[in-house]
Amino acid sequence: MTTPNRSFLRDNPSVLWFMGLLGLFTVIVTILSEGMGAGVMSTNMVKILGMTLCLCLIAIAMDVVWGYCGILSLGHFAFFGLGGYAIGMWLMYARTEIVIRDNLAQGAIPATETEVAEAVASQIFGVVGSSDLPLIWTFAGSLPAQLALVVLVPGLLALVFGWLAFRSRVTGVYLSILTQAMTLALSLYLFQNDTGLRGNNGLSGLQNIPGALDVPQAVISVWFFWASALALGLGYVLFAWVVSGKFGSVIRAIRDNEARVRFLGYNVEAYKLFVFTITAVVAGIAGALYYPQAGIINPAQIAPIASIYLAVWVAIGGRGRLYGAVIGAAFVSLLSSWLTGGGAPNIELGPLRIIWTDWWLVLLGLGFVAVTLFFPKGIGGLFDYLVRRQP
Amino acid sequence: MTLLEVSGVSVTFDGFRAINNLSIAIGEPELRAVIGPNGAGKTTFMDIVTGKTRPDTGRVLWGELSTDLVKLSESQIAKAGIGRKFQKPTVFEDQTVSANLSMALKNKRGPFAVLSWKATAADKARIVELAEEVGLADRLDHRAGDLSHGQKQWLEIGMLLAQDPRLLLVDEPAAGMTPAEREHTTDLLKRAAQTRAVVVIEHDMEFIRRLDCRVTVLHEGSVLAEGSLDHVTKNQQVIDVYLGR
Amino acid sequence: MTCARAPTFCPFLKDRWMLRYLRAFALLWPLLVGPAMAQEPSATLLQDVLQSVQADVASPSRSTVPVVLRALLTADAPGTVDFLRAWSDREVYERPGDGLFFYAAPAAGELTLIDIDSGAEIATVGTRDVNQIRPNAGVRREIGAALVAFELTHPDPDRRIAALDAAARSPDPEQIAAIRAARATEADPAIAVRMDRLIALLVARFDPDSTTRIAAIEALRGDVSTPARSVLNQLLQTRADFAPTLPADVNVAVVKTPGDQITLAAAYDVLVSAGLAPAAPGRNAIRDVLRANVTAGAVGGVPVHQLNTDANRIIAYQALQDAGTVSPLVTEADMAEAVAQYVFFDVYLEPDSAVTDAARAAQDSTTTKVALFQFLSLSFDALSLASIFFLAAIGLAITFGVMRVINMAHGEFIMMGAYTGYVVQTVIPDYTASLAVALPLAFAVTFLAGVVMERLVIRHLYTRPLETLLATFGISIALQQLAKNIFGTQARPVTAPDWLAGAIQINDLVSVAAVRVGIFIMAALFLLLLLYILNRTRLGLEVRAVTQNPGMAASMGINPDRINMLTFGLGSGIAGVAGVAIGLVAQVTSEMGANYIVQSFMTVVVGGVGSVFGTLAGAALIGSLQKGIEWFNPANTLAAQTYMVLFIILFIQFRPKGIVALKGRAAGD
């Protein structure tokens, strides 16, 4: 696979294909959208598709860390959520501040900054019975600071956690359990009212973008679709580059035989830490794009189960190939929202009635077992098989 | 000149003393064969030198600066110039022969250096050269997993040479090879030993005889005898141990 | 008796207290002989008895109440107690026409009269057509004392205990005499002890003689029961007060220095609310004043648009203050000066300082003992939690240890066991019998499920441990949803039989639910059973062989397939039994497995893989850790779990292979 010094794109034909298809898809969605085009596609649909692109982005991050480097992380959705929280804090704070300033401007004398800050705090935190702005909201009014936090919070958490875990040579299922524990700890922490992120209420109203409050959601949805598509495209190129060269060789070697790689003189822990952290950062960015489209984020979405679903998508799509992760995430998450959203007709079997909302998870669970048992390479493996047969 | 000095090393697994006050010195250049019955501690000796197993007591001193290897991690020891070939061939089967060799090449090992690494003309020439040396020149683009058992052994020896180590630790290199392949392997090792230290663990006396080098006999975790093959095979203790008398 | 009604003729009754005492006794004496009469139902109608003392019932006063009571008690008509209670609660009405008494129920602005004897509804009248009888507070106390006395000598011991408990809940000096009188005739030694205790508590609190009280208080030293501690607390109740100088005639608990025991602002607020100092305008008050004083786009010479900082606002306010239009600002120095004029202190409600000192000393000595018992109680909680974790995790530890397989569906096996318990209870109504059936049945059901899963799925994935984790996770989602489809989202109970339903009360601080003791015993039995199976049976030998070296075991003629299947079945079966046990203490829902799975993993990881004792140690550590953290922060169990997980992540740093680690080559990599 790796004959050095061939061009990156020639080595990775899937990148060109992928970028082409993604571009085409973006154009089609734009043309059909309510906000920019013919209005055939509802704003809600544009949002769902935009969110799906974000899920594809975190799925390729998961694929790199699991499919390529062999670390079955059950914590990447926590990083996704942290990115969402970081941007959500700004969205919520800035929008509340605008509303509060408008209100206070009605008074006979102008408001002081303290009064504004207090009013914003009691507006946001009244729901958890507090009126003080927690320390972690110090920079919530500044977009650049919160954008930096989108990258820094997941990145640092992954760095510290990864350093601790890899240093003590925790591998395999142990590591998976440990990442799951980390995710659980984080979601339980966020569930508390006194954590400063509004407990189980989460952050809401994130679809309203401060500075663009007059712009209709139909248009904003297309903006976010573009941003998500751009992020997915860049993420795909980045990871394709990371996994294609000698670095890719080393991390796949780590996946297959970690001890042997050590005897070649590579510091396995540093590589794992690098991959774990960079994928966590990408997950954070994906989350920061996802939640403004979803409109609400709460701790339940960070629960360990979400990270496991992420692994399910990647496994069904096919590990060790980036497009496999994209296929898996898009296919399973869209199918899931179609079937559980009541979009699919129920099946009448004589006296029995198959209601999709009830049976979809049973089907997914068993289907997943079947994929693991019989198609370990997933849908992507099928793809490879067809492509290889052609020439 | 002494390159590696193992002195007074002991290690215990759950009460079983696998290595007992072992002391061995290897010079540079030198070819050394280590023999001994099963359970004598041959592989554990390599594990200790390469950092896989930490000894309970004793020191493993390395090179001109007499660095204590006991304190270093596996990858640091490898970078210091010790290469190891395992008993069971362990190559990365999912990747091509050239990717396997390229990973082993003596280049910077840090993640950022590797991320921005581009093969130079010299690197490419070295890969081809190594492939020719181990007889895999026409299989560079094949998956390592598709190679035969003997070819995997050679690929691993090639990877070992690509690391350009000062000390090679080779565990049963001839296992599962045809007589012709064995001869080739012997040549390779002897040639390597002209410029560096090579330690070979082997059961096959014929193979050892062909290596024509100093032999260390291990028994129950310590050195039983040392000298030329003829010398040690005449040693009564060695005969007893090997023949079970 | 005579004295009670005509105290002036009794020269030895100097003390009002003594008077009350005697009066209560006078009321009691018919009661003391009452029980004997109460054996035979009396045909006397209550209404007739009441009519015999009509005037005294209709307009009761403290001097006439004993007359009524005596009449009632002598007659012993049915419903006397109910009448006394209603009378005291102002629920008795008199019909002016014939002077008859009725109970009444309000009905749409009117009253429905109810016959006192038959309970039948007689008529509906306007509220003005009848007189509500309103005994005053003194009369009500008398009635209450009579009621207590009546109950305290009731032939049914349960009634007597209930009366004692009621008296302890609302202590009252009047009760002392009644309880002493009842104590004199009490035959049941257990109840007599309780009466003595209650008398001691009442004396400690209400006795007029301070030496007697102090002696009683001394006797409460180290008594950790709730009533004893609440007596001490009540004796030590304080109220905040202040004065120019510390008064000599009050029992001062503590002097509060402003800025130390009380903040300056709080002390100043006390003065403000007492009208001794002018209110300090706060930020909001300043803003409101400024708003009200905007003239020509400026306030006090400061343009309105500049009033967006606190500094400018104060400048504007001072300008207004100088003009004399608003109340002055109060600075920190002003506050300090005002506060310095006074002493702030807490004063005991109890005026006698000897009593409060004794109470304080007694309370201090009780506190240590209370802490000790609280720790004991916490330890029981931790032990109970540890038993649950052990039961939930041991199956997982066995399968993980022997087969290196993480079974993510383990939690769903727990759920399956719990639902088995629920279903069995719906079929067999007797709780004891259903529990006896449910335990083995849950084991069988989950054993079978485990074996089927091992045969169909896990067997094919032995070389791919991470994929086992995922495949079993798939099974877990499917099982969870399946349970939801079958049983719905509503929580189902597994009810404990009566003999397991109560609590074992050691004292007021330490009590353990019997069901938790049961679970502890069950966990201990399973521990012994597993140790027996693993160490003393052929199966155990083979399991240990496969754990340590599967390849070698296979070449020794052990069939690893069979061992794996049985091990997996055993691990799953224990999960099922654990499920029934957990169902007894928690609700059974389709998601209950998920709540235990992570904790179970943690237990296994912390304890060390493949060791029964390791799991035991892990469960003990995690159980006590969780309870310990909860104790530090009792309001927040979520925080406890968060910190626990963090602790475990750090723990793994120092002991990556758990508390009980296998060593050597067998441990592998």
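Lettered A, B and C in written order, each chain numbered from 1.
We adopt the following convention: a contact is a pair of C-beta atoms (placed from the backbone, for glycine too) under 8 Å apart; a residue touches a chain by one contact, two chains touch by 3 or more.
Model, not experiment: these values are computed from the prediction.
**Q** Count the C-beta contact pairs for A-C and for A-B, then tell me which is higher.
**A** The greater number of contacts lies at A-C.
**Q** Compare the CA centroid of subunit C with every other chain's and tell me the farthest one.
**A** B
**Q** Could you grab the centroid distance between subunit B and subunit C? Build each centroid from C-alpha atoms only and quote it in angstrom.
**A** 70
**Q** Please tell me the distance, in whole Å, between the geometric centres of subunit A and subunit B computed from their C-alpha atoms.
**A** 46
**Q** Two or more other chains touching the same residue: where does that happen in subunit A?
**A** Residues 259.
**Q** Multi-chain contacts in subunit C: which residues touch at least two other chains?
**A** none
**Q** Write out the stretch or stretches of subunit A touching subunit B in their complex.
**A** Per the stated touch rule, the residues are 1-5, 242, 245-247, 249-250, 252-253, 256-257, 259-268, 270-271, 274.
**Q** Could you pull out which subunit B residues touch subunit A in their complex?
**A** Touch list, subunit B to subunit A: 50, 52, 73-76, 78-79, 83-84, 86, 90, 92-96, 98-99, 102-104, 109-111, 114-115, 117-119, 123-124, 140-141, 159, 163.
**Q** In the complex formed with subunit A, which residues of subunit C make contact?
**A** 283, 287, 290-291, 294, 299, 304-305, 307-310, 313, 404, 406, 457, 460-461, 464-467, 469-471, 473-482, 484-485, 594, 598, 601-602, 605, 636, 638-639, 641-642, 645-646, 648-650, 652-654, 656, 669
**Q** What residues on subunit A touch subunit C, complex-wise?
**A** Its residues touching subunit C are 70, 72, 107-115, 161, 164-165, 167-170, 172-174, 176-178, 180-182, 184-185, 188-189, 191-192, 194, 259, 304-305, 308, 311-312, 315, 358-369, 372-373, 376.
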